[in-house]
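Chain lettering (A, B, C, D, E, F, G, H, I and J) follows the sequence in which the chains are written, and residue indices restart at 1 in each chain.
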Amino acid sequence: MLFHVRMDVAIPHDLDPDHRAAIVAEEKARALELQRSGVWPHLWRIVGEYSNISIFDVESGDELHALLSSLPLFPYLTCNVTPLATHPSDLKATDG
Amino acid sequence: MLFHVRMDVAIPHDLDPDHRAAIVAEEKARALELQRSGVWPHLWRIVGEYSNISIFDVESGDELHALLSSLPLFPYLTCNVTPLATHPSDLKATDG
Amino acid sequence: MLFHVRMDVAIPHDLDPDHRAAIVAEEKARALELQRSGVWPHLWRIVGEYSNISIFDVESGDELHALLSSLPLFPYLTCNVTPLATHPSDLKATDG
Amino acid sequence: MLFHVRMDVAIPHDLDPDHRAAIVAEEKARALELQRSGVWPHLWRIVGEYSNISIFDVESGDELHALLSSLPLFPYLTCNVTPLATHPSDLKATDG
Amino acid sequence: MLFHVRMDVAIPHDLDPDHRAAIVAEEKARALELQRSGVWPHLWRIVGEYSNISIFDVESGDELHALLSSLPLFPYLTCNVTPLATHPSDLKATDG
Amino acid sequence: MLFHVRMDVAIPHDLDPDHRAAIVAEEKARALELQRSGVWPHLWRIVGEYSNISIFDVESGDELHALLSSLPLFPYLTCNVTPLATHPSDLKATDG
Amino acid sequence: MLFHVRMDVAIPHDLDPDHRAAIVAEEKARALELQRSGVWPHLWRIVGEYSNISIFDVESGDELHALLSSLPLFPYLTCNVTPLATHPSDLKATDG
Amino acid sequence: MLFHVRMDVAIPHDLDPDHRAAIVAEEKARALELQRSGVWPHLWRIVGEYSNISIFDVESGDELHALLSSLPLFPYLTCNVTPLATHPSDLKATDG
Amino acid sequence: MLFHVRMDVAIPHDLDPDHRAAIVAEEKARALELQRSGVWPHLWRIVGEYSNISIFDVESGDELHALLSSLPLFPYLTCNVTPLATHPSDLKATDG
Amino acid sequence: MLFHVRMDVAIPHDLDPDHRAAIVAEEKARALELQRSGVWPHLWRIVGEYSNISIFDVESGDELHALLSSLPLFPYLTCNVTPLATHPSDLKATDG
């Protein structure tokens, strides 16, 4: 099933710059890995914010929580998860 | 460019039922038409709410406002529009 | 999977009293039916409010939306849905 | 009586890692102990957040406050407590 | 146990004036009755608002919900219930 | 006249523990002293929070501000003050 | 003592225009009367809003509530009352 | 001086359609008139909302309130006014 | 013209005490100076808060911003500025 | 297309003063450069706040995000971006 996730990143300003750079690089690698696996079909930047809007396609809340908490930036994320359903006017669902 | 739009529908309870049914049917037809044209690539229902989350792909704010205000339900919608940008970790953008 | 749902009921004060009584009775019957089927394991009243907190156990967001929108009071409900996961300190999950 | 409690955990990023690990382990032990005693019948993780939703079954506000403030993580918790009552459509209460 | 309740009253402006006057009178009678019984030890007006702050002394959430929903104005009330506990610096509790 | 005050305490986590213990002890002594003097007739803990709800009985806003700012914890308090009036249905005021 | 009051006026759009005009005229007369009596030393319009910010000088919360609820527009007002104290840097108070 | 004004329009759904059309036409005429006079240098639509963001250039709060309350739609507007000042990095002000 | 300003002061707890005392003394001196000059006709403490409500009488937004940012505590202030206009029921304006 | 951006600046109080001064100077230079290039046609200070309201004129969300994140103060900014469209009553758009 699909979940809409908004993630806001807030890395403390006094974090060691090398540590910060390392985490950000690991985050990117992990994000690409999850996208390749198919569980993270969409990932967009919100203009002007250190935030993203994502769509996840998973089997359960347990799977989604495991994925999100596996992100290297997770300790610095505020995640807002909204469950989605098929819309009755969705073209793909109505074979329109 | 892409815009994230959340639409919350609030049709007054005392609206004439036939009028209501007619508007809802017109809304569905218009939504399908816009999706077929390519400007409305994603449309999801928020679970438990008379609301949707949509992604629009348009040239400008003028085009998006024209599309949204052309929806038959527009007088009863609260729209929240968030501009999107390419995310640096987006697999499609990094040819990952 | 489990979802936490808060429902706030707001029936318009000028609704016909017989219609209101009929909907409320249908709501109760439907709620009992869904509880018997196992998809609605918990239902509590919030003290002092015409609101409830519920736990649903369903396969997907589509199933949950279908259940919620089948409630006779749905047009008068504000639903807030929060997806749940197993807690690492949950006694049942740790066979504690 | 039953209380619904939402707990949001915010451990300062600069807390000593050993101290942090110790507190988290003590918290888990205390949570299991309280669950075994019957006062904490439900404990769920909120997907994507370092937060839980819990149901407590206690005699009074004094007892609940004593339990919550006995949690090793209490100094880092934001607790939101909502008193619950039996719902008139609750299957268990209506011997349905 | 003690509960803090804030009640905001919002009677629709188009309610029949006689009906309104009757409900308000019944509300006062019921409020006095509950205060005499000892379950409603404090009742204050918030300056400038059609609202009150009350303290209730009851056995359980079920009892409090039964009391509040027995108020003639209940359909027009927004109630906010906060459970209270003994404060460690309360003079009465420390036999100070 | 009566004022309703909600106080939320937020002592910085990195405050010296001895200093913290000293301030908390002074706060308790001062709270008891004010209660004995009659200006602070009620003091309750909010369940699950490092917060209290208090009723003060003073002559003026100047007196109340002087009392609150004399509290040893004042630098760490967020105070929310609501002026109260006699409620027309208050049993004590209606010689009920 | 002084109180800061913000009043937001919301007269229902379907109120009879003559009734509306009469209430607004009575409100103005009552406001002038109270200002002349000295209890309402300041009254300002908030630019662009059907709202005002006022300072009242009264003996008690009871007196202020009596004044506010005597306003002909009171049923359509949202009042927000903030108690004031002398500021230590106030020129008038420091005979500066 | 400059003021930033956000206006949200909420015309009641049951307003007579002819009356509504007349007010909207008068509003447009008045808006053009004020723009021509120089007091309303900028007027933008917020995408997806029946709202605008405007810049006004007036002598005082009195003048701005008089202008805003002269708008035919004023009874249906929520106006939010923010006073502006010259920004130290403004190119026009630094003759950059 | 008149502006209503609410200022909330939040001096970091770890600021050097001498530096803090010096700034607070300079703030008081500057506040008295501005009051004597006539641009700051009213200054009140909000009961229980390290906040004030002020009325400023200035020519423009530029002048007000210059005054506020000249305050020694400005780096620690949250200012909320509301433009005021003459109220049609103001006694002083109606030569009542 | 046009975007409305509100930027709130929050530079940590413990940032090295020289570093701070350097960033602020670079910010000003970059702001002037972007204004000269035509993409940032308006920039205003909000009175009493370390905040600005800006209008940007860019081709896309990608371009706007690139511009905003190129600002030296970006790590300390909270940006709120609102897409704009031509208003039907805009004098410039109606050849008025």
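Convention: a contact is a pair of C-beta atoms (placed from the backbone, for glycine too) under 8 Å apart; a residue touches a chain by one contact, two chains touch by 3 or more.
Because the structure is predicted, anything quoted here is derived from the model rather than measured.
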Practice task
Enumerate, in label order, the chains that touch subunit I and subunit J alike.
Solution key: H
Practice task
Would you mind checking which chain's C-alpha centre is most distant from the centre of subunit G?
Solution key: A
Completion exercise
Ranking F-I and E-F by C-beta pairs in contact puts on top E-F
Practice task
Check F-G, A-D or I-J against B-J and flag the pair whose interface repeats it, over half of the contact pairs matching by residue number.
Solution key: F-G
Fill in the blank from the handout: For the pair subunit B and subunit D, the C-alpha centroid-to-centroid distance in angstrom is 39
Handout entry: CA centroid of subunit C to CA centroid of subunit H, Å
Key = 44
Fill in the blank from the handout: Whole-angstrom distance, CA centroid of subunit B to CA centroid of subunit F, is 50
Fill in the blank from the handout: Check: subunit B positions touching at least 2 other chains come out as 2-3, 45, 47, 61, 64-65, 81-86
Practice task
Provide the full list of chain pairs in touch.
Solution key: A-B, A-C, A-D, A-J, B-C, B-H, B-J, C-D, C-E, D-E, D-F, E-F, E-G, F-G, F-I, G-H, G-I, H-I, H-J, I-J
Problem - subunit B - residues contacting subunit J, complex - result: 1-3, 60-62, 64-66, 81-86
Practice task
Using the touch definition up top, name the residues of subunit I that touch subunit F in the complex.
Solution key: 13-14, 45-49
Exercise for the section: Under the touch definition given earlier, write down the residues of subunit C that touch subunit D in their complex. Expected result: 2, 4, 27-28, 31-32, 35-36, 42-47, 52-53, 82-91, 94, 96
Completion exercise
In their shared complex, subunit G is touched by residues of subunit H numbered 3, 5, 12, 15, 61, 64-65, 68-69, 75-76, 78-81
